[in-house]
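Each chain carries a letter (A, B, C and D) given by its place in the written order, and its residues are counted from 1.
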């Protein structure tokens, strides 16, 4: 899996960017969510993952038994996932609102702000 | 005041204020009182912080009592204190403005808590000494921006917010991955610790450019430098002034702050390889920004594009990387925060009276409202860098620093850009103030009491701008000391890790 | 000096208020100010006469070496006296000229500010201090030219003047910085005290060029002369004061100031002579073709400025003398003529010389003043202009470079001056015709007294140069010549010299030119095509071209298409990453990876295949519900991966969050109308390429980083202390709530804001109408 | 989605989920779990309840305390009246029409307050350290040991704040969305 995950994450990145570049609003939000997922996986992959050994000190021990996975990336990842969820939720609602307001699902119709 | 209290207050004060505001959800007037108190105390606290930093050196508190590389440290040096003080001053002015001019419904849907939390995010970014914590505070700041830009759900707001959210989401993703890379390569998150590692003979030091690319792109997007700035002109002009003034005045400079901090602390060891790129980027940023501004015919859009061009100036100091140039950048950041906020406020006052931001539809303000005209003129000339107003000092320091270092083309660009800045500022003056009011525009002019009280925040900021211009010596000295501090990162490292 | 400047500022900002109190009599306090300063400056006279100079230092920004340091020597004093004396007269005149204008208060504000800036400029010793005042004169000039703000012409002329002089100002700033860097000195005094010239320094040439750019734009030298005639859209007092007597001479002043520093260089002399000569000739030439009084005056001013620059270029002592004497003479007669022209304009409503005649009867004092000035301009015997012209001829004849060219130009312009002088005095006032122009109203004393005083001074100085002006002029020349002692002898009568002969010849030829003026003017039409190539045309082309270019560029870059922005972003990032990876070429351990691939457990491959096929399915599907479900599946697979690698907390969180996301999706997006299906259009393959590029870069980066990952000491520390000091066995949770609790605080803040934002987005209805 | 079985199952399961979520919260310091996960589980319980029964019903069942109030009968003493009130409020007779209903909407429309409370609790737990002269967030532990939880301390309080906030946030979002 150590070799497969980078490839999988890369595929995830590619797919997410492809969706983000789609002019359909729904695909855009899909792309954003997949992008968030991909970044999380990236963090997990480079953060030195190890199979087995969870970062919990067993009953009776005072320090965890090696080998155990690095808890720091996990903590960061947890924070990042939750933050990402907050932003994704906002983005979904925003896109829904855009749908409603513009009566359109086409990104290309959204270029009024830059008109000179 | 001990560092424990001093450094945590800029975070906790707005947070507690916001919590109170949420509890007082329906009582907008009470919220106003809360926010007013918070703003006043905030200015006091940041002033104290500046004094303390000046007298006692860099202040550090280790959150949770965990020693430095293991817990999160909050660090305040002169740069932090200066920026926070400026932010709090601008914050007070924006608060006064929005108290008077912002519509009731936006206030009832959480404008005040969002505003306070935005300030909290700014404080967090400026204070934190931990790279992941920096990311977290950036997210706090960003989601507040998202919510504020979309607050009110006008068409242009939604469109702007969508662009803002999408691009900044990608930026955050890149930052997060960059932090992952950083941690994987160096096993540390504390910035001082990282700085120490990259200065040692660590095996991975030669790979420093790798996370560097992530950070440059990520913070480059947040700071709106050249090929990454497009979200800014798409969104900054959409929300009402009470919102956009603060976002435009403060937030984009926070990106520059992080670049300054990271490049002086961590990436300074490879500044030589990054320098050509930064020089080109800063030149292009200022040029493209100002060219964009020249094309616009809308008060706020012109101002928005100018933000980009001035980001280029700030980046210029970092790119040149001499003490004088960095001091110039710092001075420029402070100046620009105040002036840009003020210009947005002035545009708000004009629009409050004449109900438009379009240069074509406006006119005749000079004859009807001379005071307003002068308020604008002074801020605008300050932005254009006319001596002895505040913009001049930053421009001078940057130009001198650049010439000293031999970056003639960049200095030439910056001077040309400043001429075009003058052009677009006087374009606004010509069109909005001097030109007679177009006859076919029927809108009545609003002459209410509130329209006059709106001058107050503008006057307030203008006073600071004038002081910054006419009595520049202390602030220039502070920025020089601050630049010195940035360039001698060993004091920072020592303060965080060993004291 | 600082007190003076502060006083000026006070007066300036109280002017509008005073105007509300006093009406047009605001002129009295406003005029007292310059005259008071005049007297104050005179008090320095004795000391300056003794040959010393006065330095006043006020610390301002010592951190950058910029202090308010003033230096009063002969040159400063000459200019200072000129500025204040003129200023006083203009203040009075303006009250007459703009008596019905409700904005008179603001006019005084600008004018007083301008005067203060001008005073500051000519007295400042610090280079950057001078630059400061220099820029203030530009901006006040802008405000004054556009004073009649309802007039389009006034607005655009003001803009033009500001941009041209602003450009020069920036060049000047760069020049000063270079001089400062090269010599290390911040003040003229230091600069002059340095014996070694810095001409060998590599900054010399750029500093010189930039200095020229600054001075030439300010002093309306060719090819930047065009803004000055346009600036005549300003009220006449402004034209007289700024654009004839003082501001345009700022460039001359600075060149004179700098001449001891630069004069040794060849580039200095040749450039100044050539540019000055061109300007002198061009100004004279163009002056003849106009019939608008102010335009004629503007072009002759340009010509005179060119003359002065030429003299500076010659650099000999006699040339410097000639320059200063001519400067003074020019200020006096040109000021008078401007003011007289303004009075005529004000009283008759026109400035066209073909429609004006025989006015002497109706406005005798004005006529007298104009005539005195005209005679001085023509260089007739008892007038100060005569002395100036004699000296000019003398200097030109003794020129070391291009002697015939210099002299020829001086002579030619002299002839034109005579013709113009006749046009503007005889042609307007004394010409006897049957139907003289009618007055709309008679000139008040405020309108005729100031020009008369000035005109009278022209005679007085001419008659008694020794008493009145010689000492100060001598000191002025002294302060710009390099060290050698200067003696100035001014007299009307030098005997029958060749200069005298030339003067007489000039006058005769000038009168002939006047006779032939109609003929000459009719021939000017031939030249019209040439103007299309002139610098003004170029300015407009550049200006419009820039705006068009700006618009086009902005529409290409910032075209509102979000996808385009993202593509830029990705390309930027990928390019940088490529460069870094190519440049640093970190190694990847491929050999060990092959081993890993061979030993891959079966369930890993299954997950991999599952997720990737789900993703590919997602790419193809058009159904919204299917997309949501598949996306949820991908998310759950991620949770599975997390749990496989010992991260149960992360996995649980991922699982729950994914569930919530799906719920939100279903709640919000499922029931929306379907709209049309949108394909990726033609650019599909570009997008695919970009996506794959980005994915590849990321994968490669991950592989690189994986091979360089190190064991962190944080992990060890947290493992050691988690239970013992933080009382928790679940290290991840302990990190979240104790070691790095601040992160979590920020994170829950994000969540709270997200909820508030969602609430506001969904519940708040947009308001009608624009609100700031 | 609103089939009978599903709805009934959800109705029964929701309290179980809630209890479970609190359990997860409390054990989080020593075993997998914690404020986030607990809060998410709890909120998902409510979310499914909302999906099955609608916002109104969820509000009514969980966030809406109804108090029956009536005037004191003249011959009853204060104590007796209080007893009667208590009895009526606990043992509700659906047929009897209450004299006066005082609805206290604990959370209706106001998961906002829950969020604010969560944040406040989190901040407060951090400030405890501040009062003892230590840095912000410095942990303060009680000596007592409790079976399930282990030792009590401010980090646990902090986690509770997180729990409350997450609960409030999800409820706020979902209520807003499903009403839209």
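By definition in this document, a contact is a pair of C-beta atoms (placed from the backbone, for glycine too) under 8 Å apart; a residue touches a chain by one contact, two chains touch by 3 or more.
Keep in mind that this is a model prediction, so the values were computed, not measured.
Colleague: Give the identifier of the chain nearest to the protein's overall CA centre, each chain being represented by its own CA mean.
Modeller: Central by C-alpha mean position: chain B.
Colleague: Per the centroid of Cα atoms for each chain, what is the distance between chain A and chain C, given in Å?
Modeller: Result: the chain centres lie 49 Å from each other.
Colleague: Once you find the CA centre of chain B and the CA centre of chain C, what distance in Å lies between them?
Modeller: Each chain's C-alpha centroid was found; their separation is 26 Å.
Colleague: What's the distance between the Cα centroids of chain A and chain B, rounded to whole Å?
Modeller: From the centre of chain A to the centre of chain B is 28 Å.
Colleague: How many Å are there between the centre of chain C and the centre of chain D, using C-alpha atoms for each centre?
Modeller: That gives a centre separation of 65 Å.
Colleague: So which stretches of chain C touch two or more other chains?
Modeller: 551, 554-555, 558, 560, 562, 566, 648-649, 653, 657, 660, 664, 668, 698, 705-706, 709, 711-712, 714-715, 718, 729-730, 736, 738, 740-744, 747, 749-754, 756-759, 761-763, 766
Colleague: Multi-chain contacts in chain B: which residues touch at least two other chains?
Modeller: Where chain B meets two or more other chains at a single residue, that happens at 15, 22, 63-64, 132, 136, 139, 143, 146-147, 150, 153, 155, 162-163, 166, 170, 174, 177, 180-181, 183-184, 189, 233-234, 295-296.
Colleague: Could you check chain D for residues that touch two or more other chains and list them?
Modeller: In chain D, 30-32, 36, 112, 115-116, 119, 123, 126, 136-137, 139, 169, 173, 177 touch at least two other chains.
Colleague: Looking only at which chains touch which, which shape fits best: line, ring, star, complete or other?
Modeller: complete
Colleague: Can you list the chain D residues touching chain A in their complex?
Modeller: 30-32, 36, 169, 173, 177
Colleague: Across the complex, what residues on chain B touch chain C?
Modeller: Residues 15, 22, 63-64, 66, 69-72, 101, 103, 105-106, 109-110, 113-114, 117, 120, 124, 128, 130, 132-133, 136-137, 139-140, 143-144, 146-147, 150-155, 162-163, 166-167, 170, 174, 177, 180-181, 183-189, 203-204, 206-207, 209-210, 212-213, 216-217, 221, 227-228, 230-231, 233-234, 240-241, 277, 288, 291-292, 294-296, 347-349, 351-352, 355-357, 366-367, 370, 381, 386-388, 392-393, 396-397, 399-400, 403-404, 408, 411-412, 415-416, 418-419, 422-423, 426, 430, 433-436, 472-473, 476-477, 480 of chain B touch chain C in their complex.
Colleague: Which chain A residues qualify as touching chain D in the complex?
Modeller: 54, 56, 78, 82, 86, 89, 93
Colleague: Which bits of chain D are touching chain C when the two form their complex?
Modeller: 28-37, 40-41, 43-44, 47, 51, 111-112, 115-116, 118-119, 122-123, 126, 136-137, 139, 141, 150-151, 153, 155-156, 158-159, 161-162, 165-166, 168-170, 172-174, 176-178, 180
Colleague: Could you pull out which chain D residues touch chain B in their complex?
Modeller: My answer: residues 110, 112-113, 115-116, 119-120, 123, 126-127, 129-130, 133-139.
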